[in-house]
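Each of the next two complexes has chain A plus one other chain: chain B in the first, chain C in the second.
Right after this comes the complex of A and B.
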């Protein structure tokens, strides 16, 4: 196989891929490029098309339109067994009639790469922390260990891309955290490109280099984990990734890369970085402000009333009712600073201007 | 104490059934060796001394083996297709089970209409001029195997289907994602996992074809009967119960001689396939 050394060539290219099932569009003209060694997450609610996209990359579904390229080669119509991919299934799909060793060795045997098989399998078992488990049956080991077997099995053939279809969703929270860390470690040690599918935004943020947020068959945003959270491109992304406050308004002034908005329902203006969009005066826009960037006080722009609060140790998150709708404000908890504000307490709420994200486009699209 | 009573009650119906079967079996064997209160094996000696009976036994086992083979050959792909069918599987199941709603006599006569000297196949061949006289498609072993495969195929399909339905499609996909080509995936994943169903189907079909009466009677040749038909005639026409019992016992023993090793083979194979390396 021709290996391209220019770093600019993506290892995996999804090129305007569309998938229809009986007229229903599951994946709608998706284009993303994934680079060698990246940890990319496809994030979205169930039914957003992320699993269908994964199955097309794996070779179990064929795109209705568009192409899937690996190392520049068109893979769209190549069967799964002729692609250099690994796949960790949601239900793991370990072979129940084989022991741990034979499960891990399967890919090497199927591809006829039996030279040094014993050593390769042992190395892989060591990498995932399963030394000495060779002869165990898959029914005799714990859930976390089964995850590791599935991972070892799909990594042993050194695939170009490893696809993971919500492999951690069945585990309890503590084990999930532990395996997230390990998955990341293994990805960095092997240098293999990971494409991870999840509906868990925290999982996506903590593990990924880049996140493709999917909704209704489309990729709404494909950016670094930090940008996905702090610079959501659409209302959907702002709402789906973390909690946020969405406020609507019209452009009142635009100059020097900043726009000033007149907000609906409340007499307040907000100034936000315009980004690379140029907006005409009077254009409807929305802004997203994360709860942790909201400030509570007495002389802030929006008057509100406390609905409820939740205490999480370091911070308190207030749910507030205001003319601009329901707002969330997360403020640090000062020990000795008294009790949380009671329900119905009148407050006023504001924000840090630099943390405001402008979301252009049609309002209400989410 | 209450639990023991409850499980005893649950077991009672099958215990009664098995008990009655066992009594029948013992009586059968007894009536073949006890003549006027004396143990007498002369029916067995007679059977062993008659070349036509030995040939009949051989033909019975061969027909059963062929029937089982063709049922497996046709049944496995059908079961696989049904198991992986995306649409309404119940309609397919209904089609498979449908022949059971029709009497076996009617079904066997159906073959006369198709395979007989003036049947559909020969009629067509002679009409097109591909043959100038009818082929002998029935009243021989070919007809019997054909008829038995038709009658027993649903058992094979259902036995294999029930196992295939429990094998997740993901396992085949896992194999393919690991570079396993379709036949490799079949051989190393699907086949070993569906082996219990195959052996159940084989056992069922084999046993039922060795004891078949109606199909060989209607579709078989006059001279080359099968053992089931022979037993039927001994009882119904010659009223020779001890001889029929002796023949039945011989049939039972020879059938078991195949089925029991099959069971041992299943244990051994599944153990080997689970522990060993599929390379």
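Right after this comes the complex of A and C.
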């Protein structure tokens, strides 16, 4: 199934795509390139435009501006049935009047690829773990099994790209985890490019090669799952993906790829990797530090007081009140190391400079 | 306790006329009467042996069939535009389609005399087809639109994403999903057209006559028990249709579990 593709040519290119509905902008000049075999997630809150973008890729909506290219060919105005794109719907949309086999065989029959149809359908049912379910009606199987039928139905035609529109959102947590692992396995076994839409950042982080974080119709950041979490490019990404501590300040000095900041509210200065950006002195910036990179002790730079804590087995997360505002600090829980700190306990917090992400701020933006 | 007796009395009273008509159709007497004198099937034999009666029966059946198919087809197209494509003024169009339901039939009859005579269709079969379509459209639109609203548009998108061209999607996905609504519509409109008297009465002529109108004019002229036999046959036929309808709705109930 591996296709002979140079890495340079993306299988799917979203090229400055904008979609307006009656004047309201749903998708605002989005450009992303997706490579063959990638698992890409469009992540964002509801109404961020991710589903609209997906529907444009599928061919159910036409971009107001911009182009959608597959293997370099413009797809923008090609009808959905003429695109080699599979789609797993949020509500699955299994055909209720057909059994499992006929649901899965539908795409092959519609495209006239009936040679070896029986075997292809059986192989696909085996791949998703539904051997022997051929003659079941779609109303007679469980929610998880219906997910698998939907997946098998859209994969059997071996589309260039498979789009998945929050297919797991209706399932309970345990089944959801199980199907996430399985989706990833099936994606790797088939080598098909997956574009997955979700509002669940944990789901996005655990499954994706790359994540496009969307907000208000724009892509805020398109990067690997690791970079999305550890190198958020904007305050929105830092807040939306995982928990974070955001502190604002101004550039005091910049040299040797590092900047020194004077933080608002606290007298402390921090140094942080400047990244690719060169910042003038006095520029407003923010820094993001994940709770697990915070250090809790008695000799740290910022004085604080414990507000509350939550225990999650391996770690304890403290909510702290400090001169720099409310902070979260997550520390490993040591068995035999005594009880969590009580509320109002005086502590001090700091962080390791290498874990700090510098976010160029836009003045006045919160 | 009194309301219960009233309820039972009403329930017994409602089917009474039907029962009386059916019973009096088995009379051996030469005139319409109740209670009947002697038992016989001679009026059924007369009905089925009369070329005149069979001709109007055929006319009514053909009229109802064409009316049912045309209204159901037209309403499917209309409901498709309103429900699926959400056309502008869709709600207004729906109101217009349902208007014949609340319009007085006598008024429709008068309007149709004027309209059909200007078309030169008064007293013709085509004229009756046109009028019966208008009268049955509200009964066709409602079940068809309801079925279309209930069937998920995502099914059609799923079919398209699997490579099905619009016609294939229509035949393989849309039609099966709305079939219960279509069957309900066909049977309902058939019955409405087949039993229609009020408006048709204005429009029949020497060259075209429907069964229920023929029954009506026969009653005015004579009291032959053949009318009871014809009416009993109509009752039987309509009951059979309603029975089928009920079965279809029953099947619909089982199909729609998911």
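Everything below uses one rule, namely that the second predicted complex is superposed on the first by the 357 of 366 C-alpha atoms of A that agree within 3 Å, B and C clash if a C-alpha of one lies under 4 Å from a C-alpha of the other, contacts with A are read in each partner's own complex, and residues count from 1 in each chain.
The rule is short, and it goes like this: contacts are C-beta pairs under 8 Å (C-beta built on N, C-alpha and C of every residue); 3 or more make two chains touch, one makes a residue touch a chain.
In this text the structure is predicted, and so the values were computed from the model without any measurement.
A.B. asks: Are chain B and chain C a fit on chain A, or do they clash, once the structures share the same frame?
C.D. replies: On the shared chain A, the partners clash.
A.B. asks: Once the structures are superposed on A, label A:333 by its partner contacts, choosing first (chain B), second (chain C), both or neither.
C.D. replies: A:333 sits against neither chain B nor chain C.
A.B. asks: Should A:139 be classified as contacting the first partner (chain B), the second (chain C), both, or neither?
C.D. replies: second
A.B. asks: Per the contact definition in the header, classify A:60: touching chain B only (first), chain C only (second), both, or neither.
C.D. replies: The answer is both, since A:60 touches chain B and chain C.
A.B. asks: Of the partners chain B and chain C, which touch A:21 in the superposed model: first, second, both, neither?
C.D. replies: Neither chain B nor chain C is touched by A:21.
A.B. asks: With the two structures laid over each other on chain A, which partner does A:99 touch: chain B (first), chain C (second), both, or neither?
C.D. replies: first
A.B. asks: Which partner does A:110 reach: the first (chain B), the second (chain C), both, or neither?
C.D. replies: It touches chain B and chain C both.
A.B. asks: What is the contact status of A:311 with respect to chain B (first) and chain C (second): first, second, both, or neither?
C.D. replies: neither
A.B. asks: Which chain A residues come up in both lists, the one for chain B and the one for chain C?
C.D. replies: Residues 58-60, 79-81, 85-87, 89, 91, 93-97, 106-107, 110-111, 153-154, 157, which sit in both footprints.
A.B. asks: Where on chain A does chain B make contact in their complex?
C.D. replies: 58-60, 79-81, 85-87, 89, 91, 93-99, 102, 105-107, 109-111, 114, 137, 153-154, 157
A.B. asks: Quick check on the complex: what are the chain B residues that touch chain A?
C.D. replies: 168, 170-171, 173-182, 184-185, 188-189, 192-193, 270, 273-275, 277-279
A.B. asks: Which of the residues in chain C come into contact with chain A in the complex?
C.D. replies: Listed in rising order, the residues are 152, 154-155, 157-166, 168-169, 172-173, 176-177, 255-258.
A.B. asks: Can you name the residues of chain A that touch chain C in the complex?
C.D. replies: 58-60, 79-81, 83, 85-87, 89, 91, 93-97, 106-107, 110-111, 138-139, 153-154, 157
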